[in-house]
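For reference, the structure discussed in these notes is given below.
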């Protein structure tokens, strides 16, 4: 099936590749030409401009955007809404805020264009493992794009179905893609997915931090355990309750270097975690774990914050206390 | 290999079963006789008393305890330390606090007995999937019991090793069991494992709660998504970053009933989560996610707490405010 | 000084009263007439309509809104912007979101009107104690309204200045009102004020909850303390580090009834707490205490949430565990 | 009244001073002699040894310890239990863990000695403002020491009673000291007091941090507020809901230097915060704010933690993501 792909970063290029490998016909375009040669060699048609990309597609056309959320995607939607014709579909596969989807879908609908928001999980592993696709938009173009979604998604992984004896799945979820609802529903589900991801990651992070401290010199004799974190991560992958794909990755990272010395510990966050919290505020849903996970990232990017300084200043004011010494003095609790 | 198994609840009985199926020779005992007939039929030798269980084993003996942590395990350790002979080994496979292990190991060492603490994860699925074993204790008896650990553990699951190109694993972790360190190390690692488990579970719980609220009647037109939670859980199992064994189970539970009506929502906690927090306090390790997860369980067991009442009382004092109406009034935020 | 006051709820009526008592000339209006008779008796001029209120004021006029934030205030701003003349000032003393102030100020500026946002703290006690005023808007009308602010504010309370030896305060802060910055700054500061308030309240709530549990029957012999919470609150008011006005109120509430039986524990939240969290998300500022305080209120309004049910369902899936019994079973931790 | 005082640090010396000023007769001792000259000049009797201190007191004697909790206090209790005679009383005014009080009280009771635990709040301001005293122990020696407690406590501060119209206080709480219960009750109440203190401090710290960020260059035009934090703190002292003694101190600190440049932001914690959390774990009381406050302190003493590094490593594993740049890159959220 023919499909335009605009945005050939790590994600977009691999998705075009996966589509080409599975017999589809991606027509690709990018702001800068670096990815063109390789993708052409792998079977993609390289357009000479965005207009050319559109011109090379047969109606009803589909253009899939794989661009940074925010301004770049917004601009591309505007440009394409002028280039596309009624009945065509625009797919936003990036990490867009779902309320922007709702607005855009309405604007494009007025011109007879379909807008689909497709939350995409899978990262750099997606080329090989496939992409988990959370889809929002009207039913007709979603159905029309079924073959594309099926090619991008992991497909049947040989996983046991969720429920033995359940009726044959009424949805495509077992193949790794799902039409979640109308405009915005795909990115809404992806947003919560990433909120959960932050929570899972922080749970492992705190746990391994505790394991690492178990070997500290200051611990009581007989309760000091210099543990092999890489081996423990590998172990937990086998039959434990905490086994997961993130744990697989933690095991890899720890096997490469149990001290993780290549990483300074300044952790970025990419929008969805914050939007998940905003959703929690809107819905009055307590989300203490998701909030704590996000704040840990914020904190990781600060040196000593003003908040900490104020605590020290207050302790000095009421108790004449000095500040704690670095590191070694950390455990004076009892 | 011959092994005594004392405690035939859900976990212990299945472990004896798994050992028998794999060619080992479990000799079993339990306070109450219900499990005896079935286990005998499956190849276990049923003792007539704890002393008889010991008498039926050839030295050096191994007795594996699979009893509730605390008093029942403590009592069994005392009884067995009188029945066993130097060179014998006592294995505590329950959820014991690791500091109790350290104390017991020292007491038994004085009598020439080995004490092993084996954190065991796998739950009701372990019979089929195998048990992930985290082992603490002296090297010699740990080595001697290798065949038993190997039979109980999941073994090579065909999982990719953590790191392609890594040297052949120097440990048994890829088989699902690991000698983590001296006395207490096994239960220490299991404790942190469960602390992480609480955090993971709460991350999913908050995320699915947010998904469920996406369909609320009060949401703005065009942003109301009555989502199919069971399908989303099934979807995320395929290629997403949040795929995990706990997600597999969430998908099962939601497939059975997307409203989870069989559950009231009073969530128990079993010790390890609290001990993990205690370890965080001892080590001055920030563990915001693990704490939030534990507190969510505490809160789930309360009706309206005194803390909430005090908040209402203060609002009444300073603002003359009344209390919020149930449910519907929950979203007055903006 | 003449001032129009629209909105005679608990706050607005008392503010009009305080102004009249201090020699100002409030002209008042309200949607419903209940407050009119009493306020007329206390010296306020009662208008017969909003237009009449404006007509009774001499230019440059000032109309102070004391209405619920959101739609009611928005409507009043629209109506008054049609009634007022260039040079007049509109004051929003309610709990408006500061971004709405920024928008409104710009709209009114285009018509030559001044818009002031005045965050107001003091609650039902303000009539007697005065109101703490956080003011945003242009300098000229803020200066013009100085006498009104001074009358509403607590004034010099005989409190020690913050810093002995400091230069005479360059601001009016010691009198209890402060021009914080341009449009929105007043409500921004009030928003953070309320965010802090939530955190303080929750800190006391958790602490008193712990004190109350100190008398629980299940505690070890010799560590069971049936404490007199009212007396402790009264005690802490005298010289302790945690003394505060909120503690004064907690002491009152506990003196009236140490069980707080009049309160069910469903705690409302009124917007600012959520907006404070939104500000934290926008600024990437870790705000774990403020978030935990807000989520405790959300949780207080739920029975057993779906999140809790999912935890129970997962525990049942992997461990065959039943749910915790109410209350009594809450402390099975170790 | 004659009283022995052992431990002349900041707290102990000032307490001896306050007692002397109010007509009591402190007999003092310290490990090192620096404080002796000044205290002698202020009317205290300086002993030449601990034994001499005891010898100078008339039975029934009272010795008040004001030593660091843990080993120093434990040693002093042992020494004094050998020196004192039946009917004498030992007072621990330090920050002892209440379970240690329970143990010691029992040991001393066996020798006919009284043990009192007195949680003491007031810090460096206590000399002038008085100390808030939370007292545990048997009724008789508590009553006997009434005049000493009354001299140390703030006394009637002219504060309104908690409840107008309440019956005359049945307790001494309005004078700033209270017999809370049997052995350990005083330090238990002080422990929770400090737990609350941590929560209050962190609430202010997060709030002022948000205020400080309101002036950030990256904020949208028209929503950038370079606020005067010192003035706002001073303002809030007057009539606002968040006024408190800690806010008084925050105002002082910010008036001295609104950037708090003298403080690096490594915040110590002194035991009670951790013990409060342990109490929450024991009692299954959700204490999210108190935990978040404590963890913020732990985190303030780390550079980039291992937990943060693991998050970065995972993001690199699944997404090929690099780390966030320092500072400036902190706000990429949307």
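Chains here go by letter, A, B, C and D, matching the order in which they are written, and residues are numbered from 1 within each.
In the analysis below, a residue touches a chain if its C-beta (ideal position, glycine included) is under 8 Å from a C-beta of that chain, and two chains touch if they have at least 3 such contacts.
Since we're looking at a predicted model, the values are computed, not measured.
*Asks:* Of the other chains, whose C-alpha centre is the longest way from the centre of subunit D?
*Replies:* Taking each chain's C-alpha mean as its centre, the farthest from subunit D is A.
*Asks:* Across the interfaces A-C and A-D, which one involves more C-beta pairs in contact?
*Replies:* By the number of C-beta pairs in contact, the winner is A-D.
*Asks:* Approximately how many whole Å separate the CA-defined centres of subunit C and subunit D?
*Replies:* It comes to 29 Å between the two C-alpha centres.
*Asks:* Taking the mean of the CA coordinates per chain, how far is subunit A from subunit D in Å?
*Replies:* Computed value for the inter-centroid distance: 45 Å.
*Asks:* Starting from the mean Cα coordinates of subunit A and subunit C, work out the distance between those two points in Å.
*Replies:* Chain centroid spacing, subunit A to subunit C, equals 38 Å.
*Asks:* Mind pulling the subunit D residues that touch 2 or more other chains?
*Replies:* 123, 202, 204, 206, 209, 241, 246, 252, 269, 274, 280-281, 284-288, 291-292, 295-296, 298-299, 301-302, 305, 307, 318, 330, 333
*Asks:* Once bound in the complex, which stretches of subunit D touch subunit A?
*Replies:* Interface residues on subunit D, with respect to subunit A: 10, 70, 97, 123-125, 201-202, 204-206, 208-209, 212, 246, 249-250, 252-253, 260, 262-271, 274-275, 288, 292, 296-321, 323-327, 329-330, 332-334.
*Asks:* Could you pull out which subunit D residues touch subunit B in their complex?
*Replies:* 241, 269, 274, 277-278, 280-281, 284-288, 291-292, 294-296, 298-299, 301-302, 305, 307, 318
*Asks:* Quick check on the complex: what are the subunit B residues that touch subunit A?
*Replies:* Residue list for subunit B touching subunit A: 98-99, 102, 106, 121-123, 126, 129-132, 134, 153-155, 157, 159-163, 166, 169, 171, 173-178, 180-185, 188-189, 192-200, 202-204, 206-207, 209-211, 213-214, 216, 219, 222-223, 225-228, 230-248, 251-252, 254-256, 276, 279-293, 295-296, 330-331, 333.
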